[in-house]
Structure formats: structure tokens, C-alpha cells
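Each structure below appears as C-alpha cells.
Both of the next two complexes hold chain A, though its partner changes from chain B to chain C.
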Partner chain A sequence: MIGEFTGHIIEAGHYALVLALALAAAQATAPLWGVRRGDAALMGIAAPAALMQFAMIALSFAALTYAHLASDFSLANVVENSHSAKPLIYKISGVWGNHEGSMLLWVLILVVFGALVAAFSRAMPDDLRAATLAVQGWISGAFILFILLTSNPFARVFPAPIEGRDLNPILQDIGLAIHPPLLYFGYVGFSISYSFAAGALICGRIDAAWARFVRPWTLLAWMFLTLGIAMGSYWAYYTLGWGGFWFWDPVENASLMPWLAGTALLHSATVMEKRGALKVWTIFLAILAFSLSLLGTFLVRSGVLTSVHSFASDPQRGVFILAILVFFIGGSLALFAWRAPQLKPGGIFAPVSREGSLVLNNLLLTASCATVFVGTLYPLALEALTGEKISVGAPFFNLTFGPIFLPILILMPVAQMLAWKRGDLLGAAQRLTLAAAAGFVTALGLGAIHGGPVLSIVGVMIAAYLIVGSFVEIAGRIFARGVSASVALARALGLPRSAWGAAFAHAGMGVTLFGLAATGWGIEEVLAIRAGDNVKAGPYEVRFLDVETKPGPNFRATVARASVTSGGREIAVIEPARRYFPTRQMSTTEAGIVTIGLGQLYVSLSGENADGSLDGRIYWKPWVSLIWIGALFMAFGGLLSLSDRRLRIGVAKRARAPAAVQPAE
Partner chain B sequence: MIWVHFAFLTGAAVLAVLWPLMRAPRPSVRQAADRGFYQTAISGIDRDLERGLTTPGDAEAARVEAARRLIASAASAPAQSASRPRLRIAALAAVVLIPALTLGLYYYTGNPDYSDQPLAARLNAPPDGMDVNAALAKIERHLADNPDDARGWEIVAPVYMKLGRADDAAEAFRQQIRLLGPSAQRASAYGEALTYAAGGQVSPAARAAFEAALKEDASWPQARFFLALALEQAGDRPRAIEAFTRLLNDTPADAPWLDIVRERIAKLKGAPEAAPADAPSNQAAAIAAMPAGERDQAIRGMVAGLAARLAQNGGDIEGWLRLVRAYTVLREPDKARAALADARKAMTSDAGAIDKLDMLARELGIGG
Partner chain C sequence: MTRKGRRLTLIASALGTLGAALGLVLYAMRDNIVFFYGPSELAEKAPAPGARLRIGGLVKQGSVTRGAEKSITFIITDTKKDVAVSYSGQLPDLFREGQGVVTEGILTAPGQFRADTVLAKHDETYMPRDVADALKKQGVWNEGAPKPAGVTK
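Let's turn to the complex of A and B:
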């Protein structure tokens, strides 16, 4: 034994990781053989292998977490990213605050999904389930191999140093505990949709039932991705210190693209389930959503981009992920090319109908996804080919993404009104009069209070219309003329939860749009701060009480305490700060934020001057919190819809018993 | 022991694959699943009809379509087959390939010889097996929790000075003064640490510390020396000479700093040639002024001289340390190692000297 001690949790975790690769290999091959031969026993390997693989990866992840908690500096990963004085929460989140650990988290979530499919999809046909899990085995196998060969978190150092180099201070934030896991659940969740698509192509079972089985998984991934993106945006907002929340940064775009494709997939899967149409397109979207997730992983992990997300870059890793990307996208498209011609088209449908509007939704979402794709990859490709650096930022996306997304926002409530097969456009428009009126009133009211810019006024108008319009269809079902409150309540509860879910998710989009539009009314002051200064920010006043230096566990903070008042009454005391981390010789900004109503007052310090004053910025951002509250609404809508699906899959299971009487609705 | 655990894990993994192969085959749920799906689909159509999302005619057509699809899916179900030889091949593959693949790859990436090394356990290890850094880290941790433990600060302060961590040393002396009050020794040492931290410049804070030391003991030589140095650095030559001279007059003839004081005086009086021949600063200045090739030659000459002197008289630990360092600087690790071994032999009886050698060896990474 090297080292004075006898425990070997870490090597056990390392061994379990290798063992998980062997299990992935078994899971990837035997069930496919079983599908080919119609052998139930071989197909049966898929589920227990997926469960055991999950157990092994969980053990491995636990071992790495243990190493971080115990400050075991015999691991290179711990030395490079931890410090014994780091607070407990960052010792835990620091496990994935680095390249190796974050890849292990990626794989952990991948096998969590695999295990969930193994455990909860018993109502699925055996062959589809086996093929889906086999494809999942291919994916996890590829990534475990990637970890073991290029990014092993269990690499050791000897002799072990007595202290670590600490975690990047920007990552020492509660955001690191939340944002990556949520985002990965989203990214990786789409691997299930992908595996379902590949499994369906292998088994040749591309039918309405397939759409039903894949939908809850897509919905789950979509919810997590929505929350993950929102959380990342809020984290950037409060930690970068200049009040921005979305920068059209390639890393952000990398998460937005799968979200757009996944949103399209959710909608097209509905058409496939209800009408048996759009089969080829839905399968294609399922492949696309995960391919874009993989692309995002490649962009962030290969070192093509430099950002706080990329950690150490290494060309070998980039090539390996590129190979994974090519294999999975190429493989699925080959399967697609093989099976797609055998599919019968699902029939023609009227342009003005629910399915027609969903097709339009799909076209617009994929087109907007394509603009983000071009805007993200074109500069990279140009730089790789010619060495020329161009910057594609907000102006490009505002001009391309904006106009394509605008019709989606306007048509969302209309589409909810249309019936399947043939809809009544005029009737739908008439029923939306109320929503349109709400939009006008809101725009007039807020325009009178805040004034220009026009874009903000138009934005809140559309937002208010969208929020109200999302519930018009439901309201029409509940409240008919002369209906009592109790009957209305009973009807509200009787509506399918997916209808409620759609309404909430669509309204959430409106809420987010409201917050985005209102940014035009924000106020920004750049100033040098001294104790005793008084600064006016919109309707509020900020008075700086004192500036002092405070010690933290692994940093020293310069804190400017400030009192926020409105009309002479103190509302809150905030403590914006700069933190200096000696181990990394880096400073971070801790913005002082107070939420007043739905707006936020935001104070950040950007530097210290020789004369003792501090450089700072003060923002008043009315309505800004709606940007993220909207995302919560969307995710809540997803959750409602998901709970509905689960019930209905439960029905599918019970339906084997004959004479199950359906209660009258 | 570790292999027992590995074997256990491997067994669990193999069993997960073997178990479904050994189980009695069960009937497929495929048709049941399909029937369940289409039955729910039909009830969904009823619900849509009620919400007005579809017309009665379309609903009827949709019901018929769902029923047609159900029949189609039942007709396309493949026959189930299971064959004994196939299962045997699969079982054999699982038993052989899973352990083989795992052991092969683990052999390549793993470190089965490495135990866990949690920091707390390393710091609690018996002191004889502990290196200086671990011991220091342990005391630092103790002081972080008990900053009022004066004894702890007294232990770490000189260690910091030896390790060249003058900033930390200054802080440790400052804490001692806070807890124990100023003494000539503590105040002077604090000033000295501040001076080293400032790269040899006697800062106002350091000067205040030396003055505080003299308040406790007006004859304290270190404080007087650095205050004189401060005068010199301030450009006040006559008063610096006067201060150094007074210190020289009070210095006993066997004091180790006698030469240094003499040297300062000589330098201030503008007579560097009067300094003792091997005063390092002058020699170093002269060597630095030479052209590169010559300089190398001169340094090698000096090192050879030092080695010869130590070969005859091996009792000078500082000399040995200088020699080992010099060889490392000249990129002659073999000679450095040889010198280290010679020094150990010459110093066998002196435990303190051996410690110094060990520390240097660790610092230079040339094996302890």
C-alpha cells in the first residue's frame, strides 16, 4: 500500500467505473441480439444491466464525492479543484465544478435515466424497451470510455500535497450546486428521446403508441432544461456584476438549441400520438434534440470555446468527443435512412387545424433553432478555416431570431383554440378579443408610466395578450353562461391536466417575455462609491453606510453596506462585496440585490481605487424577476402535463383487466 | 482486502446479466401494451369530443382508425423464440468477458496500491512519519480555531521564517505581541519579518517595531542594526555610520554579526576593498558584472573551492547546504546528490543538521 492508511474507497469507486463500462457493453449488445432473434431472455438483460450500471456509477460518484469531502489530496482532481478550508457545500458542488467530475455527473444522470426507463417502463413492448436501453448502453459506454481514457477523475498524485489549489472562485456559489445538475438532467434527458427513436427504428415500431411512451421522458428533460437554462441565466445575472442575464454566448446558445428542438419535439409528438402523422419528422426531432445536446457538450468540453464552463482544454478530449458526436449522429441518421422509406405517410391535414398549427410551430421553432445554430457555429467555422475572428452577438440574434420567434408568440393562443382536423380560425380569433384587449390596456398603462422605448411597450402588449390568451380556451370550457361556481370548479378539476399544463407553459412564455420587454425601462448608474454617498436609482435612493473588510473561510471580502430607501423609508440593507481569494489570486463580485415587487435593485462593485473609493454600478430593473418566474411557470406546466401522462400510462397498464369502466367526464 | 471488494463488485455485475438468462421465460407484454394504449386512445377521443376539440363524425372515424391500428399491430407481432445454446453462449460471454474487460482496463488506469489519504487522518498521523508541511498545516488548523494560543504562534513563527514565508511569520509575531505583550525579542523579530517581507526594505511599520523593541531593552542588537540600516536606506549616511559604529563598540568580539556590522560600516565609508575577502555580497556583485562565459567559469571555480574546503573540514553545515544548492543551480543533480550524501556522512552525529539537509533535499526534489 502506498500511503499510511488502509481505506480504499477511492479505488473501489474507480473499479466500479470500469465495471460500469463492461455492463454498458453487455447492455449495448445482448438485448439487440435478443431483438433480432425475438429472444425474450436476451432482451431481459437490458433492464437489470441498466439498474446495475446505475449502482456502479452511483458508487463511483459517491467515492469521488467522498474524496472531495475528506480533502484527499492524493487525487489530482481534488488537488486542482479543492481546498481544505472550502465551505462544505462547495466541497460537494466542487465535485462537478471541473471537467472530470462534470463528465462523471453527466454519466451519472445518463444512467439514472436508464435505470428509470428500466424500472418504470414495464408497460412498454419488450422489444422496444430492450432496443431503447441497448442504445442507452452505447451512449453511456462511449462516455465512460471517454472518462477513463482522457478525463479520469481518479488519477492519483504522489506524494500527496498537503493543500489544494481551491475551486475557481466564480464557481464558489450556490448556483454551482443547482445549475449544472438541472441542465444535465435536461441535456441528458434528451438521450432517452434519442434512444427511443433509435430503438423504434431498430424494431420498426414507429407508431402512435411510441409517441405516447416517449412523451413523458421528453417532457421531463424539457422541464429540467428549462429550469437549468433559467438558473444559469440568473446565476450569470447576479454573479457577473453587470446586470446582464443572456449574452448570446456560444455556451448559452448550446443549451438553447436543444431546448428549441425539444420544444418542437414535444409538440410534434402530440400530433403523432393523436393523429398518427408526422412520424418521420418526430423521429428526426428526437435525434436532433440529443445531437444538439452532444454538440453543446463538444463545444464546451473540447476547448473550442474558452469560458468559465470549459475548465481545462485538451485537444485529445475534443477529438474524442467529436468522434462520439459523429458516431451517434451518423449512426442514428443511417438507421433513419434505412427505415424512413418504409414509413407510410400519415395523411394530409387541413392548414387551419390543431395539427396544422403544430406543424407551423415546428417549422418556426426549427427555423429559429437553425438561426441560433448558424450564429453560433459560423464564427467558429470561419475562425477555424481562415483564422479571421468575427463576433456574432446580440444584434445578429435580435434581427434573425426575433422575427422568427415573434409569430410563435402571437400564434400560441390561437393554436390552442383550434380543434383537431379542422379548426375555425375566425372563431378562435373572436374568442381571443379579451386577450388582445388585455394586451392593449397593459401597453397603454405601462407606456404611460414608463414611457418609451416602443419595443418595450410592444413587448409587454404581446406578453399580456399571451398570458391571458393561454387561459382563454380553458376558461371557455369552465365558464359557460349561467353556470354556478361549484359546477365551474368541478369542470376545472375535470379538465385533463395536460390542458392545464399547456396553458401554464404558454403563459410562462408570456411572463418571461414581459420581463424581457421591461428591461428597456431599466436605469443604470456607474459611479465611484464612498461611505456616506447618496445615489438615486429610479424611484429609490441608495445610501452607502460604510465600507469594510471582512474575513471569509477562504477569502477576504470588501463589503460596502448600503441602505435602500423609498421616500425616506428604509426598505432594505444590502451588502454588495468584492471577494479576494488568495489561493487563486482572483476576485469575484457579489452583487447586492433587493427584490422590490417584481423589480430588482442591483448594486455591484467592480474594483477598488487607490483613494479608497470603490467603482460600482447601480441598476433599477422593473419587472426583471418575471424573466425567471416565467421559466418556473413553464416548468410547472410541464409538471402538470407530466402528472397527467403518468395517470394515463397507469390506465394503459390496468387496461389489461377487462371491463374497466371509464368514468363519465 | 481490496481485491475481495473488487471480486464482490464483479460478482454483482455478472449476476445482473446472468439472472435474466437463468429465469424462466415469461410471456411478452407487447400485445397487452398495445391494447392498453389503443383503449386509452379511444377514451381520449371521447374526451376531446366532449371538449369540442373534435366533431362527432371525426371522433367516430378516429375510433375506427385506432381499432384498425390495434389489429394491425397484433398481426405484426413476431413469434417468440428462445434457444438453449444461445443462452449458454450469452451466459459464458458474461462470465468471461465482464471480468476480463474490467480487469484489463483497470490494470491500465487503476492504482490498486494506493490507499485513501483523507487529510484529517494525515494530520493526525504520528509525528515521526509526518513531514514539516503536514505538521505546520496541523498547527495552522489549530490556530485557525484557537487564535489566542500564544504557544502555537511561537512555534510557527520561526518555521515560517526558515521556509521564507516572511508575510506569515510577521503575522505570527504580531499575534504573539498581541497575546503576550511586546518584548525586545518579539518586537524585533516582528520588525525583521516585516523587513524580509518587504524584500529587505525597512518599512515604517518595521521601524516602529524595532523602536518598540528598544523601548523594552535599549541594547537589543538586532533592533539597533535594522534601525541603522533604515538610516542607510533613507540616505542618511553620517547617522547610519554613527549608529553602526556604536553598535560595533557594544558588540562582544565573538558575536556572529560582528563581520556584518563591520562590512556595513566599510561600505558606507566608501571603502569596499577593506571588507573581508569572502564577503558574499561583493563577490556576488563582481561575478554578476562578468560576461556570461566567464561568469559561469568563476562560479564553478568558487563551487570547486567550497567543495575542496568541505572535503577537508566537513563540520560546516551552512557550507554543505550552499554546495548542494550550487550544484542544483548549475544543473548537476548527480553532484548535488553526491554532495548531499557526503554531507550526511559528515554530519551523522548532528541531528539538527541532518534535518536541515532533509528539508533542503525535499525542497530541491533530489531525494531524501
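Let's turn to the complex of A and C:
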């Protein structure tokens, strides 16, 4: 029962949010003052403030979760997004299935990162740590203020209604429990790279050691962002019923841009760490990655775009987020412009070398990011300036992003082969003969089986080359002429984990490309379904057994049970369904999907016809699961790299110690 | 390679990449951008038939006619001007008379539109933004105010 007790918990949560704002203010100012005066006591405020702030936000978030669990309809947020009959899992995930709650989750993850830096970066110089946490305090302060002033999840309604309006049915899916937290850990994780960059600019500590501090955090954010994007894509794929997984929607682009910038940052930080070069550029990328995350937050949360992601549009919110955006991007760039010229340039290196190839990687990644940026923001700018409305869709991005990203895919294995300082391009190309051969064989084999579009055949050729090519460098280090199996194994285990990580992440890109290329071989059937129908979809047959209506907790489902057979043998029974949610008078599509090998057979229902048949689509999509498996590979590569001893958070100081003995260059 | 040569290589490759990106963007902008018009704007701007466009507005009450093989015709209106739309294929879940809709396709003749995409909506209270703006421009609907006649819910 909702009573006084619940009320106290909610008020405590609200109060904790206000306290967190006060803590953020302290964290944002006192340590900076301490850095300026060299006062250890003032700098020492940063870490405990960050930890306390995390505790307060966690309490606040727990209180909101409690209100959703207890279906306390005195909170506007619960009324608008929950229903007493909603299943438990969606009561929990529904906490962030709305504007206010999702902003609170954003801030929660922000302070989680702040607390992690406070707890695990003891090895960092005190001033850098204090300045970094102070910048983090500015960010969390701004967003907590945004929540309290424009998006308060603890706002009450009086009198409290007896029932809520339920969560948007499209969000009543396990995807809501996974996709936003992963994506936010990625988005918000880049705030640490940003704060490190700002902190380094403030303290004037921009050196190889800084790159070593910032890399694990960037890697962590990048892993989560990779998984978050992949999960969002898979969710759209199975829930929208069209079998599509990427639409070049502005909201998707908003997550792709920080990913591209973050990927560039990971690579340039390596150059900075190893060669002490690209300092200014790396700092700039660290600022850019989080700026693009903020831009994404603005696009998604301000209501300038309509999509399932923008829950409500309120012009006040848009202006506030825009102000935050301008403050943090403008502020950091001003700091950058002031401090960057004081840096000693890091020296220019040979074009054909590991660092040369990483520069090319950065150029291509940022250029591809720029095309996505233009395609995403040009329509908005045009509308704001001229009132003219246009839409920029997939053809634009395929034509611009594609050709710029293609060289990255081809050059990835080559770059892994090049030595630092001076690379041997011809040697690298020769060692990749095997990978190229693998590409040709795959293309010939699959081309013979599937035939079909040239683009698919070329796509799998590059993909196979990239997958094999990613491991050639490692293979070369393990297997030499006359080396026994046990020695090879010992060598394999002895290799730095970051080398394995790079290989896996690069191969993951190839795996994803493979899945993308193979979409050209898919088969689509549009049909009217009746019980007893037999439909052929590629190598499989789908037989519809019966169509019935079943009640669910807060919906009514029309389910068409179907048996999938291959050569007369039953492989699976699937239950594609349409769910009707009376509270919102809205239907959703639950695709019936069976994974066969790496491909998927996908059946979705859309409308009911007057004659009692159901409109439906059947897809056979060979290799399609590779699109998302590739992302898992990439994240696994990131994890391996993160576990590398040299990169582990907190040990950077020890690793740096011997270097201090030698005079600086 | 000399230091100067290295520097030149770096600058040249940066400019080359940027130039390529810019070129591609400009090239893609020529053919791959689709303009959005409401029915009144369409009548006013009168683009040449054959142009690829997005048309949005309300599905006029009583205008939906279903033909054979999933073909369908309906009228998109902003209550001032109408556009006749033909479409063949599956309609999104919430396609209904009186509801907002956005379609993409080819203008076959003035006032005649052959759509190949009818865009899905996510929510019953959600009016496609482009449609809402087009209606507001015609002064037939304001946010917060009751929706115009013919708009259910």
C-alpha cells in the first residue's frame, strides 16, 4: 500500500538530489582553487565529494525506482509511464523509459564514473586528479540542475489518480533494460576523457603519462558504446518488424558520431603514449568525443527530433540542454585555444610507419564522422534558417560514409603490420597475401552459393581478408620456422594482451562487415497468412499451424504459431505475434525469430485483414547474426586490452617510474 | 624523407581526406535529399512531376480505398488542399483515416503522388512533427488546442 512511508522515501530521494547538487558545486570549485594555490587540503575535497555525490544520486535513483515498483501514482512520472499491471521487469526498466528518469540515469552513470576515478586513480598526480574531478563536478552539477529545474522526476500530482497511463508498449521489452544503460555508460564514459583533457589543460600536464591515464577510461567507454549501439540496433531489428537494423536515423547517428571520435581517440592516445606525439590532436579528440555525446543528448532529449527516443518535447528543456552544450564545448575549446599553443610540438614522423598509419586512421575516422555530422545536422540547420524541410536518408550516408570508411577497413591489417618509426609497406603487403587469398576464396565460394549482388561478394571478400589479416601479425610473432607447439603456445600467452585486444577488435569489425555484406543475399516474402498455409523462404519452409488470441498481463496478443522445416525436418516452432495494449490503444509487433547457423528466419505480423487473414512478412537472412557478433568481438577485444597489465588503471605511476630516471627528451 | 617533406605529406593527406569528404558530401547532396511539403506548399511550389518528395498531412476521412493486391489509394489533406496518393504494400500499424501520416515517393502529376513508403508512427498521441508544422503553417492546428475536425483522438 502506498502510504506515508513511501512518501518519506520519495522526499528523501528528492532531497538527496538537491544535496548532490550542492556536493557537485563544492567539487567543481574548491579543488580548482586548490590547484591554483597548490593547496593539498582544498584539492583533497575532490575525491570524497565525488564519492558522496555518487551515494546521493544512487539514493535518489533508488527512491525513484522504489516509487515505480510500488506504483505510487502521486508521482507524475509514475502516472505517465507506469501501470499497476505492468510486469515487474518493465516497472524497473520503466524508471528510465521516460525523459526525467533517463536523465537521472544519465547523471547516475556520470557520478559512477566520477566515483571510480576518485577511488582508482590514486596513482595520478594530485593536481591532475583534483582538476579532472572538478571538471567532472561541473558536468554533473549542470545536469543535476537541468533535472531539478526542467525535468524533475519527483514532481507530484494531486489528487493522485488510481491508475497510471502505462509505458509506451514499444518500450515494454527486455531491450529497455539493456540498451540505455549500456549506451549511457558509453556516452557518459567519454566525460572522463573530456575531464582528463580539461584537467590536463588546466594543470599543463600533457604528456605520455597522461595518455596512459586516459586510455583505459576511453577504452571502457568505447566498449560500452560499442555494445550499446549494437544492442540498440538488434532491438530495432526484432521489435520494429521490418527486419532492418540501421536506418541512418539522426538518433542512431548521434550515437555513431561519438563512437567514431572515440575510436580515433583510442588510436591517437596510443601514439601519444608511445611516441609523445599528437598531443594537441589527442586532447582535441578527447574534447570532441564527449562534445558529440552531449550533442547526441541534445538531439535526443531536447525534442528537436521526433522518434521513440524523444519522450516529450518542452522548449525550455531544449534551450537548457543547448546552453549546457554551448558552455561545455565552448569552454573546453576556449581552454584548448589558450593552452594548446604552449605545448611543444611532438615531432613529425615518417608517413609509412605505425604512427603514420594511425594518423591516417584518425583522418579517415574524423572525416567519416564529419559526413555523418553534416547529414544529421544539415536538415536541422536548413529548417532553422530557411524553414525548408528536407530529409537526408540512407542513400546520402551510403554514398558519403561508405567510400571514406572503406579505406579504413582495407588498411587496418596493413597498419598492424607496420613498425613504429619506420615501416615496411611492401613487407606488410607480402605478409598479407594469405589474408587476401582468404578473401578471394570466401568471395568465390559464397558467390557461387548465393550469386547475387556484386556489393555483397566484394563485401565478404574484404570482411574475410580483414578477419584473417587481423591475426596475421600475431601469428607471425607466435609461429616461426621450426618452433614447437608448446613454444608457440607459450609465446601466444606471453604476448601483451593489448596486441590480442587489437586483433580481436579489428577482426570484430570484419565480422560485422561480413554480416552487413550478406544482407544482400536475404530473401523477403510479403504475404497474407492463414492457418494451414505453407510458405517457402530460401532453403526453409514455414507452415502456419494456427492463429489464436491470448491474453497477456497488460495486453492481448494475436499469435500465429508456425513450424519451420528444412527438407521435411522440423527445426523450430516460432510464435510471431501482435500485441494490443488497451491502455494506450496501440499495437506492437513481436517478430518470431529462429537462428539457424549464423542466419535468421524472421516472421513478423502486421495487420489483420477483413477476410480473417493476417498480413505478414517472412525473411530469410543468411549470416545476419554476424552483424552483432562482430560488436561482441570488438568489445571483447577492448576487454582484453583493458586487462593488459601496462594499461591497468592505477599502475601507471609504477610504469612511469623508470622513465623518470632518464632525462626528458 | 626530410622534415619538410614529412610535414607536407601530412598536410597533403589531411587536405586530401577533407577534400574527398567534402566532395562526396556535395555530390550526395545533389540527388539524395528529399524535400518535405504539406499539400498547400506542394500546390504553391509546384515541383516538376518525377521529383522525389515527402508529403505529409492528415489522411482525409472517407478517402481510403483498398484495391486488389494490397494497393490502396487515399487523400492527404491539410484541410485546405488535397493530394491523391496511391500506394502498394503494407501500411504501418497506426495508419488510420483522420490520423497524421508522412509518405515518400514520386510526384506523377500535379496533385498526384505515388508513394513507396508510408512512415510508421510510434504512439497514438504523436503527430509526425513535419505534419504538425505543416498544419500549423496553414493555421488549422495549434499545439495544445483541440485537433481540427476530422482528427480522431
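Throughout what follows, the second predicted complex is superposed on the first by the 637 of 665 C-alpha atoms of A that agree within 3 Å, B and C clash if a C-alpha of one lies under 4 Å from a C-alpha of the other, contacts with A are read in each partner's own complex, and residues count from 1 in each chain.
Just so we're on the same page, a contact is a pair of C-beta atoms (placed from the backbone, for glycine too) under 8 Å apart; a residue touches a chain by one contact, two chains touch by 3 or more.
These figures come from a predicted structure and were not determined experimentally.
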item	value
Touched partner set for A:355, first chain B, second chain C, both or neither	neither
Chain B versus chain C as contact partner of A:30, first or second or both or neither	first
First, second, both or neither for A:390, with chain B first and chain C second	second
Touched partner set for A:400, first chain B, second chain C, both or neither	second
Partner chain(s) touched by A:166 [first = chain B, second = chain C, both, neither]	neither
Chain A: partner with more touched residues, chain B or chain C	B
Which of chain B and chain C A:585 touches, first, second, both or neither	second
First, second, both or neither for A:644, with chain B first and chain C second	neither
Shared chain A contacts, counted only where both chain B and chain C touch the same residue	none
Residue ranges of chain A in contact with chain B within the complex	1-12, 14-16, 18-19, 21-23, 25-26, 30, 33, 37-42, 44-45, 47-49, 51-52, 55-56, 59, 67, 70-74, 84-85, 122-127, 148-149, 152, 154, 156, 158, 160, 162-163, 207-209, 212, 273-274, 276, 354, 419-421, 477, 495-496, 499, 648, 651-656, 662, 665
Chain A to chain C touching residues, read off their complex	168, 170, 240, 305-308, 348-351, 359-360, 363-364, 367-368, 370-371, 374-375, 378, 388-393, 395-396, 399-400, 403-404, 526, 584-589, 606-607, 615, 617
Residue ranges of chain B in contact with chain A within the complex	1-2, 5-6, 9-10, 12-13, 16-17, 19-21, 23, 25-26, 28-30, 32-41, 43-44, 46-48, 50-55, 58, 65, 69, 73, 78-83, 86-87, 90, 94, 97-99, 101-102, 105-106, 109-122, 125, 129, 131, 133-134, 137, 141, 144
Chain C to chain A touching residues, read off their complex	1, 3, 6-7, 9-10, 13-14, 17-18, 20-21, 24-25, 27-29, 31-37, 54, 70, 89-94, 104, 120, 122-124, 126, 128-130, 133, 153
